[in-house]
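These are the structures, in C-alpha cells.
Two complexes, one shared chain (subunit A), two partners (subunit B, subunit C).
Entry: the complex of A and B
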C-alpha cells in the first residue's frame, strides 16, 4: 500500500536524518575540520590568533633525505680511524645546525644510517618520531594482517565441525573480543612484566635456563609483544567472519569432492578457499584498517616507548594534538594516515577484484 | 560394469529408522529407478550406496565385494546431484576434469577424457565458460560430464532434473536415457516423478516410508501393481479406487459390488478374500468409458470435462460421494450434471484386500 508516508520524499529524508546526522557530525565534519586545521598553526589553547600556514605542517612532517658523509681525513689525506679501525665521521649536527652550505638539511635529525664503502649514508628527517611511528605501524600491519587472518581461518576451520560442545570452544575463542581492549592491555602488561606470568612459564619450561626479560621495556621485544597480544585479542572476531563465510559453501560441493577422492588439502584448495574469496577480501581489509588504527594497546602498555620503538601513527596524532597541544600537527598526521589507508584499501580492492 | 546388491539395508538417525530393511538386486548395466513420495528415504538410500551416509545395518555389495565401510571414492561410483554441485569458480573444462586433477592425471589424459565426455554430451562449445554463464540444463550436463570422466562402475543420480523447467526436463530425460544406451553402465536414478521412472527404468523400485513396496519392470508395475500404494502411485492420471464389498470368492475371481457399482466378477490374482469383507477396486481412468449399451456398471453424474485435445478427462461424482476420473481417447463433450453409466473390462481392474 502506497501511503503518503512511504511515497513522500520528505519522510525518507526524515528517517535517514539521524543516521546521516550522526555520521556527518562525527566522521565527515571532523575529517574536513582536521584537513582545515592541518593547514594552519592552530594550537589547543593559545592566545595568538590562528594563522594559515599552507603545507608547512606537511613539509615538516614528511621531509626526509639521505645525507652522505665522508670520513674525516688527516693532513696527509688518510682516513682517521678510531681504536677499532672504524673511520671517524663528522657529527651530523654540523650539517643540520646553522650550516649555510646545506640549507636543505636545516633542522633535521638522524633517523638511521648505513655505510657504503667508507661513506656513511645518514637518513635525516625533520620529524624523526613521525617516521619511526610510520615504520612501526607498517611493521605491525605487515605482521598482524596475515598472521591474524591465517590463525583466524585455522580456528574457523577447526570450529566449523559438528562436534559435541563446539559452542563452548566458539565462546572461548570469541571471549577476548568482547572484553575491552583497555582491560586486555592492562592484563597483558602484567603478563609481560619482568616478574610476570610469561617469564615464570618460560622459566619453568626451560628449567630455569630462561632468565626472564622485561618484554615491554626492551626496544627489541616491545613491538613484538604488542603484536602477539593484539593478534590474540581480535582473532576471535575474524574467526567469526571466516566462519560465516565457510557456512555459505554448499555441503554438496564437499560431497562431490569426497566422491572424487579429494584429500583434506585438496578439498581446502579446490572447494573451501575459492568459496571464501569474498570473505578473505573483507577480513583482509578489516584487519588492515584495525591494525593501522593501533592506539589503545600502546597508550596503556608502553606510551610509545621504549625509545619510540612502539610509537604508532595514531598514537603520534593524539600525542601531538593533546599531549603537545599541537592540534594542527596532529591533524596533519591524521590526514596522512587517511591517505595511506585509502591508498592501501584501493590497492587491495584492485588486487582482489572479480576477474 | 557392475552389479549392486543391497541386503536388509537399514539406516537410523538416532532413534528414528528411516530405511527399514531394503533388499534390491541390480544387474550389470541395468537402469534402476528408485521412486516414491518425498521423504520416503530415496535420497538416503542412494547416499548410503554412494558412501555419503553411514550404513547402520545390513550389507551393501558392489561387484560382489562388501563396500559398507569403503570411502565414497573407492566404491567406483559417480554421483549427480539435484543442485548440480559444480564448482562455481572453475570453468566447465576444469569442472569436468576435476576428478582427474585430484588424481594428478597427465595433461594429455585430461584433454582426451574431457573431449570424450564433451562429445558424448554435445557441449564442446561450453568448455571454456564458467558455471554462471550456463543454463540449468547445461550445468547439469557439466555435472554428468564430471561423472562420465570418472568412468564409474555405477552412476548415481539424485533427482537430477528436479531443478529444471518442464520442457528442459523432457529433453534431459531423453539424453540420460540415451547416455545409458551409449555407456551401457549400471545406473541408479532417484526421482519422485513417476513419468521419469516409467520412461527411463529397466527396473523400478517403489519406496514408501523406508520400505520397498514393489520391484519390477515399469509395465509390470503398471499392469500388475502388488498393492494399493503402487497402484495409486504409478500412472497419470492416477488409478480410480472404489470401496466395495466382497460377495463371493470364486476360483480365479471375486464377486463384488457397491452402491454405485453393479455386481461384477474381477480376477483376484491369487490374493485371498473372505466373503463380506470390505475391499478396494482399482480401475485406471484409461479403461473407464461410457457404456455402449447405455446400461453400464458404474453410475454417476458428470462434474467437469477437461478437453486436452488428445484425450478428454471427465470427473464423475458417484452416489456414495466419491469421485472417479475417466480418460477418453477421443474428444467428446459431456455436459456437467448429466447422468453417465460407465463400463470397464474386468480383466483391467485390480482388486485389493486393503481398504484406503
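Entry: the complex of A and C
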C-alpha cells in the first residue's frame, strides 16, 4: 500500500518532524508512561523499588457494588421505626468493617442510597471520592458544553455586525480569556464570598429580601457557582471561533435569502447554521475536552470541598499523584479519564459526521 | 610608574582573594523564607559571618517562597540537583530522610545541649535536623472577655477542662457580643490543620496514627476517643461557635483584634501584631485539657544536610555556627519565633523574663508534642486535613474517621510500612 505519505516524501516528513516530535514527547510518550505507571506501585518519594501490581490500582479505584440493608427488627420481629415512621437501619460500617460475613464489601464506603420498600439499597465503593469526582466532572461537562457553546454563538452573532466601535465590544467579551485563570478564580472567590459583591447585588435588587449565602461553602451551590464562572471565563474564546466561522459564510447567500424574503430566523436556520457546521463540531469537541480538564478553578476556589461537592477527576489525579505522593494512583485516574474523553469524542465525531 | 604599581598591587590583591575563595569549598543552601526581607537579612548575616570566620567552607544561599519550597526540593531530588544544606519542616523530615533526600547530621551532642526537645529532629535514633526556633499555639483572648463571661482564667498547671471550655463557648455565644465564639483558623488550609488540631485529638486520647508501631491508624484515628473528639469538633460548627471552612482569610488575620471572636487559636507569630494593636489585657492561654492532658504541636523549620552532599561535616559546621544564641535571639526579634534555648530566650526582646510572649516559651517547653515521627506523616497529614474539613462541613463523624484511617493504612501498606 504505497501512498504519497510513505514514498519519496522526505521533505514533507522533515517539515512535520518538529511538530510530531513535540507531540510525541509531551503527549504520546507521557501517556504510555502513565499507562505503565498505573500498573505499578510507583511512589513520588520512596526508596522502595517499584513493583508491578497488575490491575490493583484500577480495582481499588473502580470497585463498586450495591449493598442491601434490611431494617432493624425488634424481638417481636417488627421493624423498628423512628418518630417520623422511617425504619431504622444498621450502620453501613457494621457491614464494611471487620465483618467476616461480608468480605466482598470490606473497606468500602457509602456513596448514596435509595429505598425499595423497607430495604435500603446502598451503593458502596472503595474509592467514593473518585466516583464523586467523576459525577461532578460529568455534571460540569453536561451543563458547560451546551450553555457555553450557545452563549458564545449568541455573542458571535451580536458582534458580527458592521457597527462603529464594534471592536471595543469584541475586546470586552474576549478579555476574560486573556486574564490568567488563577487570577480570575481568585477574583470570583471574593465575588462569591458571604459578604461579597454577588450577595450585595442580589440583596439590593431584591430590596433586602435575599439573604446572603455562602456560594462556595455550600455543597448545593458550590459546583453551580464554578460552572457559571467557568462559562463566563472561556465564552469569549469560543465566540471568536464562531465569529471566524460566521465570516467564512459568503455574503451572496445572505443577499439571495433576503431577495427571497427570508425572515431573520429563516436566514439563521437555513443559511447561517448549515454554514457553521464544521465550526460547531470544533467548538463542541474543544469545550468538552476543556471541561473534562477542569482543575485550576477547583484548586484555587474550593480545593474540592465542601464535602467533595466540587472535586473533579483531574483534581484528584493531581492531588493523589503529587499531594499524596501516589504516582501510580494518579496515573490510573489519568488513564481512566483518557478513555472516557476518547470515547465521548469518538461518539461526538460519529454523531456529527458528514452524512 | 605609580599607576603601574597600583595596578600590580590591585592585581596581586585580587588574585590573592580569588585564591582564598578557591580554597573554600562551596556549600549551597536552600531556604524557605524567600520574599521575607527581615528573615533573609538575618540569614545572610549568619552566612557571611560564617564564611569570614573560617577558611574551609563557603556557604551560598538560595531562597524560595514557602508555598513552593517542598515541591522544589522534591523536584530537585528527582532530578538529582539537591543543594548541600537543606531547610526542612520538622514533620516532613522523616519522609525525606527515609527517601534518602537527607543524611544524618554529624553534629556534636554538646552543640545541642539546652535546646528545646522539639527543635531537634531525630529519626531512627539519629539527629537529622536542628531548628533555630520553635513555634507554639495558644488560645488568644482578653481578660475582660473572661471577666464578662464569668469564666475562670486557666493556667499551665490547671488548664480548662472540656466542660469548662464548652461552657465558655456557650457563654460567649449567648452574650451576643461576638460574631463567633471561637476562631480555630479554618481559613488556613494545609499544614495548619494537623499542626493546630491534632493536639486536640491527642488531648482526647486519640492520634493520627498509632505511635507504638506507626503501622496503623486503626483505633487511634477512629477509636472511641477519636470519635468523641470528632463529635466535639463537629459541634463547634453545628452549634455556631466557630466559623467554618469558608472563613475569610482576612477575618482569620484580623478578626480577633477587631473583636469578632472571643477566643482565637493562633500561633506565637501572631502575638506581636495582637499586642501592637492596642489590646492591653491580651491573654495567651494553654490548650484545654480534654481528658488526656493539655498539649500543643511542635517542631518548625530546621536545617539539615541533603543525601547527596559530599561534605556533611561542612554542613554540620555551618549549623553549629548558626546555633549561637545571638542568632537565635536575632531570628526571634526579627520574625517573632521562639528561640530554641533558654539563654537565647533571655537575650530576646519578647521571650525574656517578663517579655510579652514569654508564656509561649513555657508552652513549648512543657506541652509540646511533635507530630508523628514517621515518613508516612506527609500523606497522613493530608488525609487528616480533609477529614477535619469534611466533619466541619457536616459529614458523618464515624464514617469519615473510618475512611481516613483506611486511607492512611492503605498508604502505609503500599509503602511497605515506611521502614518501621
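Heads up, the rule we're going with is that the second predicted complex is superposed on the first by the 335 of 355 C-alpha atoms of A that agree within 3 Å, B and C clash if a C-alpha of one lies under 4 Å from a C-alpha of the other, contacts with A are read in each partner's own complex, and residues count from 1 in each chain.
Here is the rule we use: contacts are C-beta pairs under 8 Å (C-beta built on N, C-alpha and C of every residue); 3 or more make two chains touch, one makes a residue touch a chain.
Everything numeric here is computed off the predicted structure, so don't read it as measured data.
When both complexes are superposed on subunit A, subunit B and subunit C end up sitting side by side without clashing.
In the superposition on chain A, contact of A:325 is made with subunit C only, not with subunit B.
For the three-chain arrangement built by superposition, the Cα-centre angle with subunit A at its corner and subunit B and subunit C at its ends equals 140°, in steps of 10. Of the two partner chains placed by superposition, only subunit C is touched by A:305; subunit B is not.
When the two structures are aligned on the shared chain, A:30 is found in touch with neither subunit B nor subunit C. In the superposition on chain A, contact of A:224 is made with neither subunit B nor subunit C.
Once the two complexes are overlaid on the shared chain, A:46 sits against subunit C while remaining clear of subunit B.
Using the contact criterion defined above for the overlaid structures, shared-chain residue A:194 touches subunit C, although it does not reach subunit B. Legend: residue contacts after superposition of the two complexes on their common chain; A:203 is shown touching neither subunit B nor subunit C. Overlay on chain A (Cα): least separation between subunit B and subunit C is 53 Å. The interface of subunit A with subunit B does not overlap its interface with subunit C at any residue.
Residues of subunit A that touch subunit C in their complex: 41, 43-48, 60, 91-93, 97, 107, 109-110, 128, 193-195, 214, 216-217, 219, 303, 305-308, 322-326.
Put simply, subunit C touches subunit A in their complex at residues 71, 74, 77, 95-96, 98-101, 189, 244-246, 248, 378-379, 382-383, 389-390, 393-395, 398-399, 402-403, 406, 410-411, 414-416, 419. By the touch rule above, subunit A contacts subunit B in their complex via residues 250, 252-253, 255-263, 266, 270-271, 274-275, 277. Considering their complex, residues 50-52, 71-74, 77-79, 81, 83, 85-90, 98-99, 101-103, 146, 150 of subunit B touch subunit A.
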